[in-house]
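Pasting the structures in now, so scroll down.
Common to both upcoming complexes is subunit A, partnered first by subunit B, then by subunit C.
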Partner chain A sequence: MKISLAQKVLTKKIQGISAVVPTKTSLPILSTFLMEVKKDKVHLTANDLDVSLTTIVDCEIEGEGTIAVPGKKFFEIARSLPDDTVEITAEAEKLGVKCKRSRFRIVGKSAEEFPKLPEQKPLASFTVKTETINSMIEKTIYAVSNDLTRPSLCGVLWESKGGNITMVATDGHRLAKVDYEGDFKNLEGKEFIVSPKALNILRSLIDEKEEVKISLAENHITFDLEDSIIYSRLIEGPFPDYNQVIPKQNEKELVVNREELTDACRRVSILSSVITHQVKLSITPEVLTLSVNTPDVGEAVEELRCRFKGDSLEIGYNARYLLDILKTMETEEVAFLLDRSDNTGIVVPVDDGEDLHHQCLLMPLRLSD
Partner chain B sequence: MSERTILHVDMDAFFASVEVLDQPELRGKPVIVGGTPEERGVVAAASYEARKYGIHSAMSAYRAKKLCPHAIFIRPRRDRYVEISDRIFDIFYAYTPLVEPISIDEAFLDVTGSRGLFGEAAEIGRTIKRRIREEIGLVASIGLAPNKFLAKLASDLDKPDGFKIIEAGEAEALLAGLPVSRLWGVGKVTQKTLAGLGIIKVKDLLAYPKDKLESHLGSYTQTLLELARGIDDRPVVTETESKSIGAETTFAKDIADAETLCATLDRLIDRVAKSLRKENLLAHTVNIKARYPDFTTVTRAKTLPAATCSTRKIQQSARELFFERLGRKGRALRLIGVSVSNLVLRGEESDDLFPDTSKQQAEQVDRLLDELQTKYGSRVIRRGAVEPKRKKDDSE
Partner chain C sequence: MPEIHALPEEVVRCIAAGEVVERPASVVKELVENAVDAGAKRITLRCSGAGSKLVEVIDNGSGMSPEDIAMAHQNFSTSKITTADDLFRISTYGFRGEALASIAAVSTIEIISSSRSGGEGWAAAVEGMSTVRSSPAPHEKGTTVRVQNLFYNTPARKKFLKSDLSERKKILETFLSFVLVIPEIEFHYLDDGEHVVDLLPAASWRERVAAVLGASTMKHMVAVQSKSGPLRIGGFASLPTYTRSNRANQFVYVNRRFVREKTISHAITDAYRNVIPAKRFPVLVLAVDIPFEEVDVNVHPRKLEVRIKNERYAHEAVRSALKSALSAKSESEMIVSFPGQDFSGEGAGRSASERAKRSVRPQPPTAEDEHARYGDLKVITLKERIKDAYTDYMVRRGQMDFNPQLSLRVEDVTRKEPGEADDWKERFLGEESLFWQFNNAYIFIQVRGGVVIIDQHAAHERVIFDTCKRNLEREVQVSQQILFPIHLELSLGELEIFRSSKDIFAKIGFDLEPFGGKSILVRGYPQGLKNWDEGKLLLQIFDDLLHDKAPGNDHTEKVLASFACRSAVKAGKKLTVDEMRLLADQLFASENPYSCPHGRPTIQRISLEEIERWFQRR
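Let's look at the complex of A and B:
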């Protein structure tokens, strides 16, 4: 095996797949990259058994071969090399790296040891604009749970009905849902849960691409970006019946300027409890008052203009959760659909003229007085 | 901050009064709760009838017997006192969430925010006093003032069966004639230092040059002078804000055996989780502590994805910390401990959109075990041992 390519290209490609390499692992082979040189392409793959990322590198090829390379060392070397052409060779599980006057020989492992991706027949394939998928992930991924005792909540649910795709994420305290009106007939009725790690990797790679081709198989999903392929094991369901917890009778509507609310919430929450992050919303027809009162820390109050239909209401939220939601909305105004102070609230962007419909649920905190 | 209203509630001769409550035939007699004269015990509490003979707490039972040969000595029944105390604190919490327990029978209540709701502060104080008498059958002394120091002073000045209000305006005049030992933090040593300067009463202290005082008392001077004027801005600190709950044990002999350590850890976890549930709290963080024979002490902490009071969840994290994060490598330990921190009151956390049935079941098991153990003692039922998750180095 012998290839040569620019140091900058090599470093960038390795950095890309480094995100997959697990920081701690009991299986040493997982801390390596697989380098496969076939005909006119070099494939670099990292795999943590849940997510695998393959990136395809264009370079000059003089001989084929495969080898598993210690990921961290190889990345450090690539990064430290001068900006010139790097020549890489492999022989008997040793990797040779040459660049200007530097020479390295790194002990690798047999490619045979590297975990193979299971072959599964795709159940459905579809193509989505990267801009759309990026926005959908951004609007949901923050709500994914990290409670490993509830595995189905540790991913983003994708489901398709009537040609639309819906993504939902929840940790039990908040829920984010986004619908995309499309024409995904071959996905009809499908439901699957995708790991946030795969989605974050996808987001980091799609900036220059127009479209992503997605294939769904029984136990995994593949995102194909032409020069990178992400393969991810699906998270086992069932995802809880989220439709059942979306309130249907929240008739009190609070409309408020998104940026004003974000800024005010950020300010008053400086003094909120470091444990509960509680902020109180006191809502009257024209004025929304955000307040925080934390014994031993202090008090903060800020008033905002608002429009509110309904009797005055006081409700407590976790300020961080509220800010997470506001961050994912782009409209000038946001609306809260509320019922009682101990009921789930709904937050939606106002006049969301796009083809994405975005909705968030937020559980209230009990007010201490 | 606007003018505060603080109540100091102090039960009169609490342990002795509970005994009289449970055995009415003791009423009017000198009752002493504590150890007996025969076993070199100490007086824990004495009824007012016994106090007439000069008996006070911390006195040796032998001496108490000499002072009052017909006194009735009773062994303390701590569980019963805790039970009555819980009922008294429930009355406090009906008027304000800001309750700072000082001991089993004494607390500060910040009723500033409750005034509109339950009437004037004095009325709240009198209602609490009345409810303790009517619902529990015991007598409390209550002090009401703009701060903690004056509230405690007020209840102390009018004891037993007292109810005293100290207004902000009258504090300085009232304090002037009192001995300096009434000021918070003035113990025997400071009292002696001050006496050496000719300072006996509070008014002497205020008349003394501040800079000279500073050379004797240092940074404490400022606080002391403020107290002497009746100024004290310390807040009422509720239990949940400051508290962590923990349990630890020092082994009689250093222990290296992973199984024994794990069993000990489980027992401590059980105790900690049980107290959490009893206090109606949830913990966000689990901490473990290990001390090696050379006294180096290592701690590890883990923040949980969701606050919990479940024995199982705390056990999972504590074992992970102990077996995977501690890096003990088979070394022996002389001490092992578990604690939970970042506590919140149940209900301060938001509810779950998707109540977890396995979590609910685990909670039921916890509750059932707690009830059985409270009723029949901690030995009646225990969680079965689960094979601990171990790293290789532990078996070496």
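Let's look at the complex of A and C:
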């Protein structure tokens, strides 16, 4: 086999799949990527056994073949080559690279060793606008847990009811949920948990694309972006029954300007404890006071205008959690639906978009006094 | 014939001697005490055959007249006290008048002494109980007591002597117990003609202690100095990082008398509790001065035990003196003087000026003397060196100012944006760092003049323990409420632990409530908690408490220790540079950074000199 392509294209494509190549692994083959020359296209695939990413490159081709290429060395060579056409040949398990006056021969591995993707019949396929999927991922992924002792929380739940798709993520301290009103009849009743790594890779690749084709199989999910295919093993459930913990009787409503709150929270949290990140919200009908008091560090107070229906209330939150939530909202104002100071609070954007509905749950820090 | 009869005097004396003279070291102790009491400025000890052939003590003290020499070996003859009242104001080592008599009962004694300068003295040889020979003999001012053939007439006792080696050790230890606490006297010790100790008068107590314990040990010692009511406490104590496997290096003195006193040893154990490992013992030279009327030394024939009137007070005073010396705050001041002797009661103790002259106990250097000699000299301690170097490094790297939002979090690989920050170069080539994690368990930090190594688990344990303790005192509790409350089924034993400790758990930040039967509901846990593992953490803590596996003085401390241990980051966990830095910062900010609550060390330091020595560059 022999292929020729521009150095810039080669470097960009390899960099694209580098996110999947594990930096440390006990399986040496995983530190390689697979180069497959089929018909008129080159497929480059990296696989870490959970997620596999294939990128498809158009280029000049003579003959077919496959080889596993050492990822790090090949990338270093590619990026240091001059900006010209790169000619790559493969013979047995040796890879040749030629560019202007540079010549390299790299010892590769047999493609046979490279992990194969399991063949599974898709249960359902559907197409979503990339803009929508991007927004849904952004609004949920921050709440994914990293506690490996509860694997089901280490991913984003997708479920479909009445033609809608809902994504939910939670780490037990906060929960993010976004509903998309659509017409996904063939997904009805399906529930699956997707790894955040696959979703992050998806987001990094969809910027120029209109749509993504998603195929769901028994144990895995595939995102097809034409020139890239992401394959990801699904995370085993069950996901906890989140509907049960969404409060129904939070009648005290606090409305506040999102940007003002974000800025104030960021400022006062400079002095918050590095362990608890605690910030206290003292809520009265017109003024919301944010305060931080950390022994040995200092105190900070910030006052904001707000609208509040209900008796005055004091609630403690983890400032980082609060900022994470505010960051994912785009509206001018946000509303907090509250009950008691030790109960679950709901945060929603005021005047949300038409087809996306976003809602966050935030557990308070029980105040010390 | 009556069955009961009075024992002949020889037998009585042999029995009495058994209490005083247990082994050659006891002879050394009695003779050296006499020499010190005689106001000697130079004391020489010569032994042979591990003390069983010969123990000879030569001093240049006040000496004795021929009449005194003849009396000296009689039972209960002494120059040190006269009336029973004096017993409560004892400022000399000896007073019972038993020593020479007891020794004489089990050995051959020869006393040569002169109370005048000019070299004319008198010698008396005693065997058994009677003076066998008495004649003029040349001797400089002072006294020589020669004890030979120890236990020649009590073969049973002789049989019970330990090996020569252990008797030698005991003799040396006894001798050193004087050497350590009387720096102004010149001491020599020759064992079978070999010079073992040759020490000129020391300029300071510190110098003498360093000469005995060795300069390298001294580096690990902090000064102890405190005054608490009538008690004065002074000395040197090793840092928790420097311990020994037995108490042989603990020298405790009450009124400069070497003692094995329970109250004080217990106070020492308490002061080091939670900071040194089990079965390890600090190196310690500790002098406690108590007004003479507050302490009874007339308890034990060898005076190894004393009775302190107000034991509880003494215990607390010693414990807090050590604690404060070991905590970071008072460490810089390494200049130590003896605890003062200017107790109000002391004057009364020497009612007669005559006796005052005779009982010339060496006066310890006062704090002023020491200060005048050393000025404000500061000796930098281990901790300061580490801390100093660390601060220096922080300033140099301009990193004092790092992100305050950091906390020990699991490295969040899942959220990295691929392609951007996750550049392949950075991923593979790594970034240069002054923090390096070894074996996913130890953090190596490059500091000025060396490397500091931190055990990540032990260090984090210490940080959590201290933080919780502080929060408990301040009554600050922050509990992160959880969305999905967790239901835990307990055993009866665990349920009992829960009932008896729920207030403490609430104060740490757990939100627990009984949930009918043997189960409880967890609604919240301390914010920033690691290893929660769906409540398994709590069950592990209950288990520790149930089986009394956590260290601590009281229940609260045990709960905290168990919580700290179970929730601390485990060995084997990969930490990011920021996490390592945060942990190091928190550890250095801790009051007690050297060990975890179980007593395992948290920090070690390898100096550049040491490394240079490895490579023979020094």
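Convention: the second predicted complex is superposed on the first by the 369 of 369 C-alpha atoms of A that agree within 3 Å, B and C clash if a C-alpha of one lies under 4 Å from a C-alpha of the other, contacts with A are read in each partner's own complex, and residues count from 1 in each chain.
Going forward, a contact is a pair of C-beta atoms (placed from the backbone, for glycine too) under 8 Å apart; a residue touches a chain by one contact, two chains touch by 3 or more.
Since this is a predicted model, take the numbers as computed values, not measurements.
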Clash or fit (per the criteria above) of subunit B with subunit C on subunit A: clash
Dominant contact partner of subunit A by residue count, subunit C or subunit B: C
Touching partner for A:Leu175 - first (subunit B), second (subunit C), both, neither: both
First, second, both or neither for A:Ser102, with subunit B first and subunit C second: neither
Touching partner for A:Ser18 - first (subunit B), second (subunit C), both, neither: second
Contacts of A:Ser110 with subunit B and subunit C, given as first, second, both or neither: neither
Partner chain(s) touched by A:Asn219 [first = subunit B, second = subunit C, both, neither]: neither
Which of subunit B and subunit C A:Leu365 touches, first, second, both or neither: both
Overlapping segment of subunit B (options 114-122, 168-176, 366-374 or 384-392) - the one that collides with subunit C in the superposed model: 366-374
On subunit A, the residue positions that both subunit B and subunit C contact, one per complex: 146-147, 149-150, 170, 172-173, 175, 240, 242, 245, 274-276, 278, 295, 318, 344, 361, 363-366, 368-369
Subunit C residues touching subunit A - in the complex, by the definition given at the top: 404-407, 409-410, 412-420, 422-424, 427-428, 467, 474-484, 509, 511, 523-524, 527-528, 532-534, 536, 582
Complex interface listing, subunit A residues touching subunit C: 14-16, 18-20, 23, 72, 75, 141-142, 144, 146-147, 149-150, 154, 170, 172-175, 195-197, 200-201, 203-204, 240, 242, 245, 269-278, 295, 316, 318, 320, 342-344, 361, 363-369
Subunit A-facing residues of subunit B, complex: 97-98, 113, 235-238, 241, 284, 305-306, 313, 316, 342-344, 347-354, 356, 358
Subunit B contact footprint on subunit A (complex, rising order): 145-150, 153, 170-173, 175, 240, 242, 245, 274-276, 278, 295-296, 318, 344, 361, 363-366, 368-369
